[in-house]
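Here come two complexes built around subunit A, the first alongside subunit B, the second alongside subunit C.
And then the complex of A and B:
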């Protein structure tokens, strides 16, 4: 029975979306024939939303006025926009774009604006019931922003410590991703046997579902049953001098959580870089290397003066993407440290903002925090892209 | 002659060295997966042994059986599947028309729209979880499939549009022009000519949407709260959270989820990668 209901629920939504799309596309289709008839626009205004309402209410069996009113308003807005603002030759592309952009506006732009709104108000565990019932939240002005810099998002660590940790995390991860990926790609780019097979094995960390990969690695760092500590204790048993140097089993998850997260994330991230760089390497024509061989260039000279400049156009976007991904990586850190009683010594900015919202229920604080992080990331990317453009001009 | 031998020997050494390093790296990449497999086969009383052998003594499939029988694992898979399929369907259908507009028409705001799409990738995903969560709460859609689908549906839209646009660009315009001359409308040309021709790109976009939603954890964590509605990611986290008792079941569940994903990924990786590098190759 439950399963039947779940199917209804989902098909209802799909029908709703499909109807929205069909309404827009239908309007567009008939536009050629009817656009100058005076009755068409009012009819469209009434008919399509009413139809969508009726069908979706019939399918889901429920009537959720708020949701439908939002849907109705969005559709009205779109139709009105097409009738009055967009005329003439450009109607077709705008109509094709409309469904996607309505979706983006409702689920990407609106949440963003809502977050800004939240950051100037005070929504927390004690005021959320009030907001749920009346829709009102007390205004707080810049208080939340002041709090971001003065109080801890979690229980002890401060914003500045988190910032430093984030930069360290981002830099070290991206460095090892690129270095490891580059090394493996160079090795794989030789004429060797089983190349395809090796490549398949090497992308497995990327291909595994991230949740499984991270949780499994987390298990490997467990103090007694984890692979890492088993190997370490076997090593110290076999070579006693290692133990005298202070090497031995370690409480990875409680004593070195950030290091553990970094190792796990490096393991996860190398395959992507390797694949991208390998693609770049394979597109370099071998005639460059032949010419260099004739001139008697050494291996490292070839690497420095041929390989690096030629894979730069592939490498730069990948590094940019990788930096943004690593900066925003909540998954790894949350999955490793997010359980009850988890440590906060490994938290970076984004994971702290997630925990502030959903572990500590400080919603507005988290919103202000998010805006600050966004501004920071925006600033970094703009400077970076600017530098990138300048480098492009030079070439 | 001896010089030639030396070169030959050096080449062999280099060849062996390369293989050795790659095999070591591959072992590091694959080992955790093999270990999950080995743990999933362990009999219940040996879950915590420090044994490193791949197939443990007394290997059984008991963990799999109890996972399917005692937990709601199948239900979790079903939930995930339903949410993911709906999301991907919506995502791809929205992206296919938008990408067509970007690929074939010139209109005011085209460049701005493309830049908007790219820059939307800059917004930290974690940042939008809170407002989406509050919106879903306000719409009374907490703990429902619908809420999850709403939250997921546009997350991979920009990327899908980007991939599809790149693919549409490679289809010659003359095909549509011929159809237009034969009397079909612009929509007819899109529906009957472009869409069938771009099946490979559409399936890549679908796969991308699918894997993103299938592997998602953070949104599901806050929107779903009864274990009946869990997606498999939440379910597995739960199993591992109760670390002491469920380690074998966690491993079994991981294997069941990973193998199909791995197969699909390895099968489609060639196209996925060409999609990823599309922009950079052209620029």
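And then the complex of A and C:
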């Protein structure tokens, strides 16, 4: 019975996780309980690694010096943490947070540290067997970082061209997200019939799984069977002057890949901005508009002097998030152009990074590349948030 | 400055009739307070004058000019809102000069007007501050300053003091009274607080259920309330009401309501025969309910039981039960009786009001 077997396996996995968390809690519990006793430091350094040694020997059937030394280091780290950070107060919250901390450390801190390690070495298709057999990778110093800026991550496009393209992509996307979202939010903020219905329709692109939405839209940009080209050809047939202006069906995916990606991503990103801006608009007290009416402000003056300054506090974090998401948006680019020998004309930094790592197998190079991208994004976010703080001070 | 006329104003929100034929003439330089309980339509009336609400029926005239379709900014009015509506992202100075800047008034003129208003309201120190850095009273003054700067024909105040605490409210009330003396402007002031209405107004407009109940000077509406609603609304503590029947007893009219039996003097109701058998409500203000030594000289005394005493300092509120009727008497402190004791009560006939029970209109002189 296959189904019974899968239930058994899933249950086993859940029980294993529960046991792991319980062991972790027990381990921390003794630390929390006795960490301020004088005997605890040497005892813990002996008892816990010994226990770990026994368990690992029982599970793997032999002495694992690497594993054991890792554990010893972790134990030292934990003990140091207790000695200098916890200091007896608020032990229960720390105890309850401990499994989450460990989980985060495994899922975020460890990969990041490993990434940094990789970026200073040389792991690629020709050295990976050496790494597997000996556990050693040639040290490369800053070579990978130099290569990031001097060689192409793909077959032809340089880093600088990619960076320029990414900035253009990010800026144009975020601009249209905000402009479109703002326009729709202004419309929805009026007293109109079937408002809830329109709002639901407009949120759909955001509510759908991105992969489904992108692949569906990609189909619509198909040169013969896509909705966009069919409409364009019908339009030019009905209104010949359009054709004389140079409007007609085009090869979207092969001739204008970045434009296609941008259109799709704008469509995908508008709902989020719309929802955020609508929330901001609805929080503005109507008496400001009354006062502005009496003061004699026109519609656009009200928009400029009342609405925009007052939604700035909700808009700024949304724009920061939108910028980071768009900068990092591999989904749309990869799903529209990247599969199986697709074009490089639409690649931005992160999609080039993905290809460098998993199509061209340049692991260390892409690790360095990723850290450069990370530094760029970090800089952008900090600048935005700084601007946001300054705006808040102003109010 | 200007006069304002409301002619047969009707306002409907869908099927809900909010104002039903409001007619008021407000003269030049007049301080008119529109007062009424919440939901009576007073703020709607003010917002219609400001141009913030559409007019369903009737005409509004400012200085003889029909303004029904005129944009708010063209009506030469200025409004002070209940929540002040100061633009939170602009300094006090920018708030006050916003309207002038929109009109592209020249800079020297703007500066002069803002300084003048800031001088009147003692805001010079705060011109560079943001609204959130000001206290409630200061914000209120900025909101008034924003109105002054525009030099409007009519000032509109929409419950301007209701967001302030009691002490500040008293101070600002005096400030507004002083401001009126200084500006000598036409002011229309909406409030639900009858104390503000009594103290500030040149004339009071009392509204209820979208209808004007009475228009008159504060002393008129206090001394001669036109109907039961006005009698109960104006004056604090509230007037006592006794429901009963009039009957002719020889030459005199006798009023009886349970255990209370009174002779109604002819100067209150002329032509006693006409009122024989009429169902009426008699109203007496707590000050005119006489208890203890002041009641000694009265003829029609009624017996009651003292239920609760409230000492206010120089005055004392006495809650007295006469038969099934509860009466409130306000007397000089100290009324030296303990709750539960029997007291004798009589009324000051000169200030007694008689209303018809059905029409609720005043029938006494």
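Quick note on the criterion: the second predicted complex is superposed on the first by the 316 of 395 C-alpha atoms of A that agree within 3 Å, B and C clash if a C-alpha of one lies under 4 Å from a C-alpha of the other, contacts with A are read in each partner's own complex, and residues count from 1 in each chain.
Here is the rule we go by: a residue touches a chain if its C-beta (ideal position, glycine included) is under 8 Å from a C-beta of that chain, and two chains touch if they have at least 3 such contacts.
As the structure is a prediction and not an experimental result, all values here were calculated from the model.
For subunit A, the partner that touches more of its residues is B, with subunit B and subunit C as the two candidates. By the touch criterion stated above, A:294 is placed in contact with subunit C alone, subunit B being left untouched. Legend: residue contacts after superposition of the two complexes on their common chain; A:285 is shown touching subunit C, with no touch to subunit B.
Judged by the touch definition given at the top, the superposed model places A:230 against subunit B, while subunit C stays out of reach.
Once the two complexes are overlaid on the shared chain, A:238 sits clear of subunit B and of subunit C alike. Applying the stated contact rule after C-alpha superposition, one finds that A:207 touches subunit B and leaves subunit C untouched. With both structures placed on the common chain, the touch criterion links A:215 to subunit B but leaves subunit C unconnected.
Residues of subunit A touching subunit C in their complex: 285, 287-288, 290-297, 301, 305-306, 309-310, 312, 394-395. On subunit A, the positions that touch subunit B within their shared complex are 2-3, 6-7, 9-10, 12-14, 17-18, 21, 25, 28-29, 32, 64, 66-67, 90, 92-94, 96-97, 99-101, 103-104, 107-108, 110-112, 114-115, 118, 123, 132, 184, 187-188, 190, 192, 198, 200-205, 207-213, 215-220, 222, 224-225, 227, 230, 267, 271, 275-276, 279, 283, 313-314, 317-318, 324, 327-328, 330-331, 334-335, 339-340, 350-351, 353-354, 357-358, 363, 366-367, 370, 373-374, 377-378, 381. Note for the complex: subunit B touches subunit A at residues 15, 18-19, 21-23, 25-26, 28-33, 35-36, 39, 48, 50, 52, 78-79, 82-83, 86, 89-90, 93-95, 97-98, 100-102, 104-105, 107-108, 110, 113, 120-135, 137-141, 144-146, 149-151, 153-154, 157-158, 161, 185-187, 214-215, 217-218, 221-222, 228, 233, 236-237, 240-241, 243, 247, 250, 254, 257-258, 261-262, 265-266, 269, 273, 276-277, 279-281, 283. Residues 47, 50-52, 71-74, 77-79, 81-83, 85, 87-89, 98-99, 102-103, 130, 132, 146, 150 of subunit C are the ones touching subunit A in the complex.
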